[in-house]
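What follows is chain A paired twice: with chain B in the first complex and chain C in the second.
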Partner chain A sequence: MLYEQELKTFVEGTTNFFEVAAQHPASIGSPYLMEGSPSVHEYTGVINISGKREGVVYFTAPKAMLTVLLMKMQENDFSHETMKDLVGEVANTISGNARRDFGRDFVISVPSVLSGEKPALPQRPGLRSFIIPINWRSHSAKLVVSLT
Partner chain B sequence: MMPAAGTDRRRQLVTAAIGTALTLVMGLVLFFGFRLATHMRADITALQAASTLQTYPEEISHQLNTLRDRLEVRAYAGQALADLQSTVQRFDQELRQINAAGDVDAPQLGRALLLWHQYGPVLEPVISFTGQPYVDSDSSGSSLSREGRAHYAAVKRAQLFAADNARPLQTQLSTLAQTLQRTSSAAAARLRSLLLGGVLAALVLAGAAAYFQFTRARHERAAREAQEQTRDILKTVREGFFLLDADYRIGSVWSDALSKMFGREDFAGLSFEELLQELVSPATLATATKYIKLLWGDRAHENLMKSINPLGQLEITMDNGHGGKETRFLQFDFHRVMGPQGIKHVLCAVGDITSSVLLARELHESQENANAQLDMMLGMMHVDPLQLVSFLDTAETGLKLVNTILKEPARTDAEFRKKLSGLFRELHSIKGEASALNLKSVASRVHALEDMVSDCKKRPELSGSDFLPLVLKLDDLLAHLRGIREMASRLTALKDSVPAAPPAAAPRAEPPRPERRNAIKVEDLTPILQSMAERLAQDHAKRFKLKLAGLAEVPSTYSATIKDCLIQMLRNAAVHGIEAPEARRAATKDDAGLVQVEFRKVAEGYELVFEDDGAGISVEALRAAALKKQLISEEEAAGMDNRASMALIFRPGFSIQEDVSMDAGRGVGMDVVARSVYALGGKIGVSTHPGKYTRFKIVLPPADAASSAVA
Partner chain C sequence: MGNATVNGKRPFKLLIVDDSNIMRRRIERSQQFEELQLVGTAGNGFEALELFKKTDPDVVTMDLTMPRMDGIECISKLVALKPAVRILVISALADKATAVEAMEKGANGFLNKPFTDRQLNEAIAELMR
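Coming up: the complex of A and B.
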């Protein structure tokens, strides 16, 4: 069973990014369990995890949220590639936070970025997935933690 | 092992002693050698003189003869006299010098001196002659003068004396020379012996020094090897070892594992308190410090001390080497190191028992799970499979509803808080059914989830983070329900396979899953309610009978609601209504209480009456409880009549019980009952008489009307 501290590590990794990159903290909504197939936004940053736990953690955000985020970061390039880079950067921060907190117990992959509303997310049958809404300004993204 | 300081001091003393002895020996050799050499030099000088002197008597005799001959032939005798004078003077002078030097202690010298002393009167007239020995005349030529004759006579006397005494004097001088020769030889032998002895002593000391150096080198090599071995041990062991001194400070040597455990290298001189202060709580640190101080007391028995070791399993949080923190479990073990003066050090062995602790926890969890599964299975054996499946469906539906409530977007405290009441109602309902079926593992899990919800409610400001433990617990509960379902499926398959043979051929039948929770008839609840009543009586140390009537008349539309209401009211009656047997006896009642349930058809639809002959409800107690829970203000309480006070029991969050238990105290029970009744278009009323009874009456509309109301 996933432990609260582990879940918090991923959440902090995500909220830290907003705090540092946009100087505006993100808050988390009420977490819940995923039912059915994953529902994602346009851009998704994924990290695969193995070792003590196995599975996947991903951050998925709508284009509108990323656009505002880029504007806050004084960025003028709102291209598809920049959006992907940004989501990748969030996933990278989550990954770094996890490495810091979990040390050698977890093997964390280099983040990969998927785009589109039906991306080919790695699936592992039998895993319960936790969805944590990430609220930033008026926008909302999701952090999905799907681990053994 | 390190060489002891005492051994070092002993070695230094031995080195100093050898150096001193060598210096002393060389000094003595030089001192006595110098003295012997000085004596030898005097003896040799005397020997040389004696050797020269022994020729003088003969020479004096010879010169006297020459002088007499010259005088007899009237030849020139001046030179002969001069030679004699010179010889006598030299002999006398040298003989006196030997005597005056005092280096010769031989009787021959005295005798020689005596003899020479006798020569003096005889030779003196001869050598002192200064006149003309001859007179010349033409007639007789040269002849002795009167002085000459006297001189001649003196020479003749001297010659005769010398002829008699030269030999004895020469013998004495010769003997003296021999004596001096022997003395010199003896001195030379002593000097040789002394030098030889000195050299031998120096060699012995040098040998001792060399041996000492050799043994010292050997010991040092052994000490170095021992040190290397100690280093290897300290480098290899997996425990952290170090010594604490009387000031509770760490010594200069420790094992490498200690550095890895604590992520630091600066242990030398570090106090035990400083080592732990950033890793443990102040209370633990204070206890550990007291314990270390106790260890230094001679009185405390070591085995007893071990039994009270507060650091037997210490949980610490430290840097994980990646910039983050990790929790580790360390075990500190202490041993006194005794010296001649008492406790010298305390040896501290630190072991990293993280994996053992985690493994033990996992084992404990597995054991608990296994026990829970066993309990669950035993509980399930007594539950009708259809009822169990019905419950699982209901519970899963309820938990899905809980998840739906969680899923509702929320950003503000009010939005988060709104979720809590909905969660309470759903969870309470599930727990009630689990309790009724005696599924303790489910009921306890739901109860724990309710505790979490309750904790959230008490927080001043709610955020999404507060819901993280809830969702984890929800996941755990769902997994548990899946486990029960799987087990139920296996049990059903097992039951089905018993009459059939062989078992392998028996089909693994999935239990039928009712489409709706209303598929179970309420009359099936009778054994469940009876069983629940027995459990409640046992859990709360009460005695009561449950009488059920008319439940077969409950239409299917109302079955779920009636079931939920009966479960809740039965729990309330057991916890709040029926008194303990002692209290009942004191109130002149039967020990065993009575709870009566009757369902009947009435003119306006259906009526459910639930009555217990317990303590009744005190409206004052209701108002006090509502005030305490801040559901009403004091002004409101003062203005409440009995009817309004009784209505408090249907308010969300109201409970008369202070402590939360599995069966009461949440304040959601009667709230759920009332909401369910109202949802069906019904009414609920309560009447009571303190000390006599409490009666709930639920009136429901005809079943068709209820269907349209729900729709």
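Coming up: the complex of A and C.
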């Protein structure tokens, strides 16, 4: 279960990513808690967490948002593989940055990426998820944090 | 990738290591040093080690979280092969202990992701000083 300060770490990491990498701040909605698997967008980057905490962190976004994000990053490859690469990198960056507060025992995996509207997301039974809504330009995405 | 000089000086050979294609291209595109000559890119530590032996780079940018062989292990192996190599870690891992470990293994600089072009170029300039 996440404490409020820990949740703030992920909110700040998300804010920082969009400010620096996308050069345009995102508006972060109020985080909320839910049971079961939340709905996802077309592309989802998943980071498995182990060590002193266990669970998953994932970033899920629609293709349209990722396309604009890639353009802002001066990329000119908008292929399916590049979309997958990007969601994985966003999830990796936000999770890795969280070690500033969680410490090195917050062990992050390399990203795995799911695409499609109803992918099988890893979910530990009984573990609830915090959803952090992300609004960037005219697009919506979310960061999902589900940790012991 | 030839041996031509830049302003009469031998160019520094650059190897970029990151498991993200986007990041590899970003680093290549954003670095502004004409004396840096890209000799290769690698997606994990194993590939980096192979390319390192073939291309003998002077400067390496190194991600840490990668499949097959992570960056920390790779740094140790590269430094054992060429102690004078200059290594800039570019990683999302933001805890102090990881930065200290990377430096102890032989890295010369540490830049956190996400980064701006300016931060990247300042870190590379520091590395080549």
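Some observations on this one:
Here, the second predicted complex is superposed on the first by the 143 of 148 C-alpha atoms of A that agree within 3 Å, B and C clash if a C-alpha of one lies under 4 Å from a C-alpha of the other, contacts with A are read in each partner's own complex, and residues count from 1 in each chain.
By our rule, a contact is a pair of C-beta atoms (placed from the backbone, for glycine too) under 8 Å apart; a residue touches a chain by one contact, two chains touch by 3 or more.
Everything numeric in this text was worked out from a predicted model, so none of it was measured.
In the superposed model, A:G103 lies in contact with both chain B and chain C. By the document's definition of touching, of the two partners only chain B reaches A:K8; chain C does not.
By the touch criterion defined above, A:V87 reaches neither chain B nor chain C. By the touch criterion defined above, A:N135 lies against chain B but remains apart from chain C after alignment on the C-alpha atoms of chain A.
Of the two partner chains, neither chain B nor chain C is touched by A:M65.
In the superposition on chain A, contact is made by A:M73 with chain C only, not with chain B.
Residue contacts after overlaying the shared chain place A:V145 against neither chain B nor chain C.
When the two complexes are overlaid on their common chain A, residue A:G29 makes contact with chain B while staying clear of chain C. Once the two complexes are overlaid on the shared chain, A:F17 sits against chain C while remaining clear of chain B.
On chain A, the surface touched by chain B in one complex and the surface touched by chain C in the other have residues 97, 99-100, 102-104 in common.
Touching chain C in their complex are the following residues of chain A: 16-17, 20-21, 70, 73-75, 77, 81-82, 85-86, 88-89, 92-100, 102-104, 106, 108-110.
Of all the residues in chain C, the ones that touch chain A in their complex are 19-23, 25-26, 29, 65-67, 91-95, 97-98, 112-116. Residue ranges of chain A in contact with chain B, taken from their complex: 1-4, 7-8, 11, 27-33, 35, 97, 99-104, 128, 130, 132-133, 135, 140. Of all residues in chain B, only 320-326, 400, 403, 406-411, 416, 419, 463-465, 467-472, 474-476, 478-479 touch chain A in the complex they form.
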